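Note that the chains are named A, B and C in the order they appear, and that numbering of residues resets to 1 at the start of each chain.
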Amino acid sequence: MPPEISRADVARLASLARIELTDEELDHLAPQLAVILESVAKVSEVADADVPPTSHAVPLSNVYRADELRPGLTPEEALAGAPEVEDQRFAVPRILGEEA
Amino acid sequence: MTVTTLVSYDDAVAQFDPVLGLEVHVELNTVSKMFCGCSTEFGAEPNTQVCPVCLGLPGALPVANESAVEAAIRIGLALNCSIAEWCRFARKNYFYPDMPKNFQTSQYDEPIAFDGWTEVELDGETYRIEIERAHMEEDTGKSLHVGGATGRIHGAERSLLDYNRAGVPLIEIVTKPIEGTGAKAPEVARAYVTHLRELMAALGVSDVRMEQGSLRCDANVSLRPDAQSEYGLRTETKNVNSLRSVERALRYEICRQATVLADGGRVTQETRHWHEDTGVTTPGRSKEEAEDYRYFPEPDLVPIAPSREWVDELRATLPEPPAVRRARLQEAWGFSDLEMRDAAGAGALPLIEATVEAGAAPQAARKWWSGELARRAHADGVELAELSITPAEVAQIQAMIDAGRLNDKLARQVIDGVLADEGSPDEVVTARGLEVVSDDAALGAAVDQAIADNPDVADKIRSGKVAAAGALIGVVMKQMRGQADAARVRELILERLGQ
Amino acid sequence: MNELITRSAAELAELLAAGEVSSVEVTQAHLDRIAAVDGAVHAFLQVDAEGALRTAADVDARRAAGETLAPLAGIPIAVKDVLATKGIPTTCGSKILEGWVPPYDATVVKRLKEAGLPILGKTNMDEFAMGSSTEHSAYGPTRNPWDLDRIPGGSGGGSAAAVAGYLAPLAIGTDTGGSIRQPSAVTGTIGVKPTYGGVSRYGLIALASSLDQAGPVTRTILDAALLHETIAGHDPCDSTSIDAPVPPVLEAVRNADLSGLRVGVVTELRGEGYQPGIEARFDDALKLLTSAGAEIVEVSCPHFVYGLATYYLILPSEASSNLAKFDAMRYGLRVLPDGISEPTAEQVMAATREAGFGPEVKRRIILGTYALSSGYWDAYYGSAQKVRTLIRRDFDAAYEKVDVLVSPTAPTTAFPIGAKVDDPLAMYLNDIATIPASLAGMPGLSLPSGLADEDGLPAGIQVLAPAMADDRLYRVAAALESMLLEQWGGPLLSQAPELEVAR
């Protein structure tokens, strides 16, 4: 069953991904993505329930660092690329936030 | 918004059965952050404790702090959890400026500790709280909202971000639904958070100072008609920044939800925000759709597989469980059950312990912390531990009483001074001139004066009515502005009058 | 053309050691070459002449003082612009990072500096390493030195073109699904993707965290081995890096004996979709291997046919998360939305990402967001991770029967610029042979197998080995290389047309 992905779906995903797509892009992307999705959908055919997933190519585990201080960046270095700085902090436009 | 009269709390819990859920975040006191070597010290200048990793700079990679993992395991063990044989970190993806990578490295369906329980005592009853999970995650940066009227996010023009706190290790502890607390739900919640705080302090894994944010609580509650019914829709309340708030916020939410339900409405499943100043919760920003976090295993970190040997080693380092500790202290101090319960309830146990260690007698320490100081804390709306007086200082004051330099009344004035940040007890005594006068010459003069001014009372005493001395003592004490040892005054009076 | 620039790094090292030439001379010769031809090739996004010459002079001084230096000390190198270089702008071929100057060095870069290699500059790439042609660079494409109207491969087209066009004797590339190997195949150079975890990813701006690896781009196998040993090895700053000795790749080059070696030809990695001229050169190479004592065995890896689908689910998923950090708040581009007087942070983020990301990047972010979203997770990302296991099992089964696997590196030679850029799926097919090893975390190497008859353009042969057996790649490649050199009478690159020098 080929997956259906509508323009509205793409708009919703763009919002989740914080990209303000233009109308033109929204027009183009949906069919392009549908084609790609169709070709990748076949993975679900062959992926049996009892096949364990691979999240890491190399079977490492328990890699830690000691709880020690290491030199970091100076505030100047940290803020060097910032679009806007105020009071040694990153200045950003007003955040909509979680309070009504 | 129209102001509705809320159903009273008693009515609310008469009509409905509350079910609670508590999510507590513990900020660990490791030297360095969860995934990098930056300092976790509180209060540094902004953006002075950052590096490519915790700033989320392109190309930077995390490496797990072994002590944080150790602390997570110990917390899990202290909560009687199973420790995962194999688990992974996961990315929780969402955009927010205080989160440099716009995903939080956390744990999703593979927490390091799960299926535990702990017991909380309240008013002589024991409540068993089931623990769903405890998992590791990283803290976010801090934002300052500027330009608006209140300094809060609403109406702010812009925000200023400080990433010193980003990446500090957090352990999130989530309870399973807490049932059967009935009308005591808010108090049980408060007792649970207090208990967790004690546990974390005993483990030595956190400063657990709610006012500094090293212990945070989100409180969930739902109502149902009775204990046999299905769970109702629940709300999650954030910004609960003190033990008091835990209780107050839940009380309010229960009343609010009961009001909605009693009116025939439905509770909106949402996140709400507690306001300590107005004593209400307000709804969070309604989002068009629920946030989809798109969790997937963190590919930049490898699985954590704590060996059973390591877990056993850590189990052996656990401090005695609070109940056991409490029993031991009670015996050592000779407190009654009621005294012990009051002290524990006020969060005074660690303070009493420290005061005793500083040299005071247990009962004296209890008297101050469970009594006078607890009253002050309550009046000021702060936690006992937040008062500007230390156990050492309390012990010093008690020592002065024991040495006769102060009496109770004067001691209270010294406490006033210390709480007002006037200095150490000694400094306050000197500055305010509060020392008990033990100079017999000065006392004698006052006694003579009192006798001279009250000849009838003096006669009574001369004739054997020793009890009448009380009136003269009062006069002298007044004259001395309370700075006299009443017992000595009495002696002098009786001496003078031939008794 | 200064003949110095056609030497291999190993040859230059000999000249430097013998005092016949200085590092400053060698470095300057390459800077001159860049000035002369890079206007046309556009391999470089950033050239750091000052820094490179400073390092060169420093190495010369240390050599004169009798210090023992690393094998490649004083030999200039180009670095793909996906690796953080302190003080040098690092853009990942994207507008969203235009002018961003990292405050730190990637571990690979640190190791190059410690070994004394002057860094000539940063090379062009498909934006955020997403592509197979370098046409998706926000700064314009790089052109293939063999034919300037053709693509140099991608995403690391800049590094490959730099080495192929003698602008640098060495380069560092990165490979996620073929981004080192495929450009090498179409430019007649050598490219290696080490075992995943073999080279540190600290400072390698992430595309797909579970697939990315940095590796050498060179003109000879010996050079690749020397560079491999310079950059590989455990890094405590990278949790996924392997804490074990670097496989003995240099030794393998010097002892390239193929007698008794079992070489597997993968059924699924040839045939339909592969250009006949490429297959012809591949078959020729097999004959050479046989003549050197190897045994050729046909092996089937049935799940490889799902490789492309698996890759194009895992990569966008991880990338959609990795690229979330580019949000205009802390560094990089900040664009304000049109017509909004007091935009919110969210609006600025969305406007910036719209303006700063190119179409391929946006496509993959949306795809990845979809594949990870609730309701689709199991069918897409979840399934892909399982198929990854199946692909690895195919490899494991194959390596029971053979020591190495071989295939054509890429299905086509360098296609014209613009030919596939509007057809994403057609573009994705370029990686069909390189993807399986990436998914399994296993090492792969591409070396030139010759020129395709139909167009006279380079073809590549890919060698694959089990994880941590990178040395086997070098053993096979070294033997094959020397036989091919004999056949050609000299390096294949000497058959490339001379690049026109800018006046």
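Just so it is clear, a contact is a pair of C-beta atoms (placed from the backbone, for glycine too) under 8 Å apart; a residue touches a chain by one contact, two chains touch by 3 or more.
As the structure is a prediction and not an experimental result, all values here were calculated from the model.
Student: Tell me, which chains sit next to both chain A and chain C?
Tutor: In this structure, the chains that contact chain C and also chain A are B.
Student: Give the identifier of the chain nearest to the protein's overall CA centre, each chain being represented by its own CA mean.
Tutor: Closest to the centre of all protein C-alpha atoms: chain A.
Student: If we define chain centres by averaging CA atoms, which chain lands farthest from chain A? Would you check?
Tutor: B
Student: Could you tell me which pair, A-B or B-C, is linked by more C-beta pairs in contact?
Tutor: It is A-B, judged by the count of C-beta pairs in contact.
Student: Counting only Cα atoms for the centres, state how far chain A is from chain C in Å.
Tutor: Measuring from centre to centre gives 24 Å for this pair.
Student: Using mean CA coordinates as chain centres, what's the chain B-chain C distance in Å?
Tutor: 56
Student: Could you give the separation in Å between the centres of chain A and chain B, each centre being the mean of its C-alpha atoms?
Tutor: 38
Student: Hunt down the residues of chain A that sit against at least two other chains at once, touch-wise.
Tutor: 16, 18, 55-56, 60, 63, 65, 73, 78, 90, 92-96, in rising order.
Student: Where does chain C touch two or more other chains at once, residue-wise?
Tutor: 100, 103-104, 210, 236, 239-240, 320, 324, 327, 329-331, 342, 345-346, 349, 369, 373
Student: Residues of chain B touching 2+ other chains?
Tutor: Expected reply: 52, 55, 63-64, 95, 97, 157, 159, 161, 292, 294, 296, 299, 301-302.
Student: Okay, in this complex, where on chain C does chain B touch?
Tutor: Listed in rising order, the residues are 83-84, 90, 92, 97, 100, 102-104, 106, 201-206, 208-210, 236-240, 317-318, 320-321, 324-327, 329-331, 342, 345-346, 349, 369, 372-374, 377, 381.
Student: Given the complex with chain C, which residues does chain B contribute to the contact?
Tutor: Touching chain C from chain B are residues 52, 55-64, 91, 93, 95, 97, 100-103, 157, 159, 161, 292, 294, 296, 299-302.
Student: For a test of understanding, state which residues of chain C touch chain A in their complex under the given definition.
Tutor: Listed in rising order, the residues of chain C that touch chain A are 100-101, 103-104, 195-197, 210-211, 236, 239-240, 242, 303, 306, 308-310, 312-313, 320, 324, 327-332, 334, 337, 342-351, 353-354, 357, 359, 362-363, 365-367, 369-370, 373, 378-380, 382-390, 392, 424-425, 439-442, 467.
Student: Spell out the part of chain A that touches chain B in their complex, as residue ranges.
Tutor: 12, 16, 18, 55-56, 60-75, 78-79, 86-100
Student: Looking at the complex, which residues from chain B come into contact with chain A?
Tutor: Where chain B meets chain A, its residues are 30-32, 36-39, 45-52, 54-55, 63-69, 86, 88, 95-97, 143-147, 152-154, 156-163, 238, 271, 273, 282-286, 289, 292, 294, 296-297, 299, 301-306.
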